[in-house]
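One chain, subunit A, appears in both complexes that follow, with subunit B as partner in the first and subunit C in the second.
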Partner chain A sequence: MLRYVAARLAAMVLVMLLVSACVFVLMRVLPGDPVVAMVGMMDVSASTLAGMRHSLGLDRPLPVQFVVWLGNVAHGNLGVSIRSREPVTGVLLSHVPVTLELAALSLAVAVMVAIPFAMLAVRHHGRWLDRMLTAGSLVGVSFPGFVLALGLIYLMSLRLRWLPPTGYVSPVDDLADNLKLMIMPTLTLGLTSAGLLTRLLRGQLLEEISHGYVRTARAKGATERAIMVSHVLRNALVPFTTVLGNEAGVLLSGAVITETIFALPGVGRLAVENVLNRDLPVIQGVVLWSALLYLSINLAVDLIYGVLDPRVRYG
Partner chain B sequence: MDMASTTGITRRSLLKRSLMTAAGLSVAAPIHQPVPGYAAGAPAVKGGTLRVAIDSEPLGPDPARPFSRVDRYVDLTIYDTLFTFDEKLRIQPSLVARWETPSATEYLWHLQPGVRFHDGTPFDASAVKFNIDRIQDPKNNSPSRSLLSTVAGVDVVNPTTVHVKLTQPNAGLLSVFADIPGLMASPAAMAKSGSDYLNHPIGTGPFVFGEWVRDEHLSVKRSPSYWRRDPQGAALPYLDGVMFRAIPDMQAKLTALLTRQVDVIDSMPVTAVATVKQQAQYVQAPPLGYVFFFMKVDQPPFNDARVRQALCWAIDRPAIVQTILRGTATVAQGPLPPASWAYDPRFTAYTPRDVGKARQLLNAAGASTLNFSFLYPSEEPFTSVAQVLKSNWAEAGVTANLQQQDFSTLLQNMYAGKFAALMIDYSGRIDPDVSVGSFFATGGLNNAGKYSNPQVDRLLAQARSTSVTTERAFLYREVQRIVMHDAPIGLIYYTALSNGIAKSVRGYQLMADGTIRLTNVWLQR
Partner chain C sequence: MASSTHEFATDKIGWPRGRWLRWRHRVPASFGVAAVLVLVAIGAAWLAPYNPYQEHVTLRDALQPPSLHHWLGTDQLGRDVFSRILFGGRVSLGLGIFAVSIAASLGSASGLFGGYRGGWWDHALMRVVDALQAFPTLILAIGITAVIGTGVVGVTVAIGVVTIPIFARLARARVLQVRTLDYVEAAHAVGASGVRTMARCILPNVAGPLIVQASVSLSFAILIEAGLSFLGLGVQPPTPSWGNMINEGKEFLEQAPWLVFAPGGMIFVTVMTFNFLGDAMRDRLDRAGPA
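The block that comes next holds the complex of A and B.
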């Protein structure tokens, strides 16, 4: 198992290197200039623009820029933001906690909705409750997140005046305010994911229930509750975990639209703003972070398989 | 359209005609709408924090660095400018208390005595020299350097007097120092903080920098020793502080105002104006900027003025203003906008729309099947405006191939001259030397279409070398007539920034250049 993990970690480094190189080249091949994006249309001469590009090293050959950047990364230095002049590591570290909190809360909502709803649907399979839950989860999957977000703002903020519509307060500063501000973004993301997870888990549970071991357990006198929780659910959780891992990856790399609508200073908003502004060092930092997360979650999911299903062997 | 036929203007004729222009200037007085309560002179209440929602994160409060519109909001709380301007965009004293012009290429600036930076160091002539030198130093790559190209040097005469030498006369220069290049930062603070200055900016402004948590908020708090007083002699500012917060989504920003999470929003969808008027206060600045399109004048098909004029005649500008902008903008007639002291309310161009004339001009130019690429930003209202332009031009037999581009790419193409026609907006500057000169002078900073007309160059140079406002207004109006005939750009409508503010906000001033002045703002309890 240790050898397996070591091999996977080595492969991760290689993948991240490739991802970085691809993004580095792509961002420079695509049209758009970080200096021009920064100054806008403000009476600037061509020589001043050239001077600004030179001072940022943007006039050096592409391979040189990449090697310099890579050398800095190897020393733990992700560079400095072109716009804010802040170190990219610091910029990332200030945005990651927001996204982590949002992702964790959203996943919790998704799981807490998906598992009971799926089990309820299976228990009432073919009846009206099952049909309602199935239809409800389909709506969850198909409903665009931004519509849900705007609907929630309209209802909770404008109509009922229960929740503030936008903003972020660190939980360290004020936990109550933080949670109040996180309710709507969390519901937006959590309910959308819950739809997908409910449908998937319902299907898996129905498949597992038809297997012979369920009949055997029933014959041995196990209660329906014990069969569902200890046998059926556990087996159905293997594909569920794969999708959950994928959802976690998506959420942790930043929920772009949700973070923008609710003005949350997370990684998603950071990525979008800096792509539009062509702030290359920050984009590189965000991409590295996302790649690292995806690969780590994939590895974690693979290791969880072994816990959920003892037949899985690593080699 | 009244077309210019002058080939040059003598001093005598200039004086005569400028007298006539002076009569017109009073008509051109810009609209200024003070917020209710301010004009009535209600007694100000001290205290409270004003929460301002802005479009994007500021680039940072450093006068020599690049800046965006939201930076102006923040910077003017921490810093004062050397000069300022009134509602009619006339230059007024600020940190420079009074000034003399010993010759056309010299200024003597007399500074406000006794002003100190927030760090306690004195604001004096050497601080002025430091700040201007810093922008001019090529090593600092300040984007404002181009605007100071006529400044030959700054000398300290004594602690309260500065001698500014110019390479050539520049009547518009003082207006530049009423904007970002005129913000005075503490030299001692710069030396102390070094590269971390953005987190410790020090000015002489009404508010002292508080903290900047990136993507969360930037706060400033009342300066206890601000040098300005209100008319009753009471200390300014009235507010305890200001909190700026970036809310990029316009709908979310509007909701934040309506639910009283913020007191000010710096923009809103045109569809929300009625709601804001009803539930809050709607403030609109006098129109200073414009939405327009460049045409590449040095290349076919737009090297023929008739083709450019045809495009201008074919546009239904009132329809764009009424349907897309719901009447929140005004049809642009020339590059001198209503807020400018040089504005001529009688001047019209390409009005009313005349598709037949457009067809005639195209036929005469041999371009009856004109086909070109039209670049524009991939956001509203540009996307809707582009659709209307396309259908307007189609009526004249012209095919515009619409190409949306994100702002960064569009600007890159504009600066590189890689376009046939390109639509963009310009926020405008308070003096026509920058806002007109930079667009139409040969080699001008914003002359992306490569327009060149020696007659326009002469008039612009003449306008630069005289400091008499009526003479300058006359000359810029001449330029306006010529360039609207030549049509190197197609003007569509004048833009005026609008803010939504809570009903409790008093004394709020939204200036034509989009800046907000918070020194006199107070919150009604």
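The block that comes next holds the complex of A and C.
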């Protein structure tokens, strides 16, 4: 087990190095001089520009720049935002809590919808309820999140006037207002993920239910409920966890569109704003953060397999 | 729980069986809808009742609700929404099809080659694929548009880059399955070259899942294009795309909800059609058995 974790961590470091190299090269091939971008409209002499370039190390060979940059990244120093002049690490960390809250709430909604719906569909397999639920989950998968978000704003805020349309209040300041503002973004992301998860879990449950152990459990007199919950669901949760982990990775690295629509100051919105402003150090930071998070969650999911299914052996 | 074991085993993720749409009809049905969508996009210039770029900035013409003259109403500049949706479909679908075709060709070719040859090429390819798949799709796509710039070229490259890895991985995995089969050995024995073996023996036998993936990736590409254009990072106005139409229309959500929900509905129908087509083809392939 330890050997497996060590091997996976080593592979992850390798991929992160490749990812960093990709990000570094992409940002360096950009047309335009970062120093000129930094001084903006100010009238600065050529010698001052050269001095700035030297102090930032931009006049050194690319491989040297990469190693220096990598060293800084490893120490948590992602550079300074061109626009706000604040350290990127600080900017990034200030946006993480919003994304974290949104991701946690959305995943909770997704799981609370997907598990009962998939179990209901399997219980009524081939009948109208199954068909309705399967159609509903296909709609969930195909429905663009931003159309759902705008639909919710139109209905809940503009027509019924039940909820404020956009904005963010920290839960520390006012928990009730925070939750009120989080309802629509959470539903947008949760329901879209629920579509995918329901489809997958329904398929897995149907496959598991056809196995011999279910017949054995029935023959031994176990109730349908006990069979479904403690045998079938538990086995079907293994692939379900992979996709759930993937969804968690996507949500935690920033639900770009949802955060933008609902004006939530999360990591995704940070990425979009800075692409529009061409603030490359910040984009670089967001992209690296996303990749690191995504890979870590995938590793965590692989390790959870062993807990869910003791037959899984790490080799 | 009345269904037989056979049914459970074969009907995995697909549509529950029913009289109203039998599974054998699903491929032609969804293919038919997909063909209509593509034909409408191609024929937009003939089918559109108005010029999609024609502005009429008078109070009378702007933000008109759907009527007999303007089936889906008009936008804030008095342009006919129905005509813009037809032309937007040409951009959204055309761009998606183009990007996925390029990505599928490059991804499949490199996966095929890597799986067949093995060695350093295969290792290098898989590490690049790992690196590309380490990013959440939209974040990677946004990073690419940050580098290349917004507009049609940026979006096409972004969709291409995020789509290549899945084809490379899929093609490689399938090649590893068939590489040691008798007919490939036979081709080697009669002296066929590596390229000929790959093109004539292996490719036809691994193409099925790749075609299925192309359909699923197309729906994905349309969603990415719509997402990027919605964020203002994709196709730029006045060229209509479904995503940027929604982006422009969201400012008028209260007075003119059709500006958002008409293109949104088209994205939904198109994505659902290609998802459905992919699902149906996958089921048919599963039933037909492995190559």
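By our rule, the second predicted complex is superposed on the first by the 277 of 315 C-alpha atoms of A that agree within 3 Å, B and C clash if a C-alpha of one lies under 4 Å from a C-alpha of the other, contacts with A are read in each partner's own complex, and residues count from 1 in each chain.
Throughout what follows, contacts are C-beta pairs under 8 Å (C-beta built on N, C-alpha and C of every residue); 3 or more make two chains touch, one makes a residue touch a chain.
This is a predicted model, so every value here is computed, not measured.
**Q** Applying the touch criterion given at the start, work out whether A:168 contacts subunit B, subunit C, both or neither, answering first, second, both or neither.
**A** So A:168 only meets subunit B here.
**Q** After lining up the shared chain so the two structures overlap, which partner does A:19 touch, if you call subunit B first and subunit C second: first, second, both or neither?
**A** So A:19 only meets subunit C here.
**Q** If you stack the two complexes on chain A, which partner ends up touching A:5: first (subunit B), second (subunit C), both, or neither?
**A** neither
**Q** Could you tell me if A:131 is touching subunit B, subunit C, both of them or neither one (first, second, both, neither)?
**A** The answer is second: A:131 touches subunit C but not subunit B.
**Q** Touching A:278 in the superposition: subunit B (first), subunit C (second), both, neither?
**A** both
**Q** In the overlay, answer first, second, both or neither for which of subunit B and subunit C A:147 touches.
**A** The answer is second: A:147 touches subunit C but not subunit B.
**Q** Scan A:262 for contacts with subunit B and subunit C and give back first, second, both or neither.
**A** The first partner, subunit B, only.
**Q** Pick one for A:210: touches subunit B only (first), subunit C only (second), both, or neither.
**A** In the superposition, A:210 contacts subunit C only.
**Q** Touch check for A:270: first (subunit B), second (subunit C), both, or neither?
**A** Only subunit B; A:270 stays clear of subunit C.
**Q** For the overlaid complexes, name the partner, subunit B or subunit C, with more touching residues on subunit A.
**A** Greater contact footprint in residues on subunit A: C.
**Q** Report, in rising order, the residues of subunit A that make contact with subunit B in one complex and with subunit C in the other.
**A** After superposing on chain A, subunit A residues 30, 150, 153, 158, 260-261, 276, 278 contact both subunit B and subunit C.
**Q** Spell out the part of subunit A that touches subunit C in their complex, as residue ranges.
**A** 14-16, 18-19, 22-23, 26-27, 29-30, 121, 123, 125-127, 130-131, 134, 138-139, 141-144, 146-147, 150-151, 153-154, 158, 199-200, 202-203, 206-207, 209-210, 224, 249-250, 253-254, 256-257, 260-261, 268, 271-272, 275-276, 278, 280, 283, 286-287, 290-291, 294-295
**Q** What part of subunit B is in contact with subunit A in the complex they form?
**A** 56-57, 59-60, 66-68, 138, 141-143, 145-147, 149, 195, 198, 213-216, 245-249, 251-253, 255-256, 258-259, 261, 405-409, 411-415, 424, 426, 429, 434, 438, 445-446
**Q** Write out the stretch or stretches of subunit A touching subunit B in their complex.
**A** On the subunit A side, the touching residues are 30-34, 36-46, 48-49, 51-52, 55, 83-86, 91, 94-95, 150, 153, 157-158, 161, 164-168, 260-263, 265, 269-270, 273, 276-278.
**Q** Which residues of subunit C touch subunit A in the complex?
**A** 1-3, 5, 7-9, 11-13, 15-18, 127-128, 130-131, 134-140, 142-147, 219, 223, 226-227, 230-233, 246, 250, 253-254, 257, 260-261, 264-265, 267-268, 271-272, 275-276
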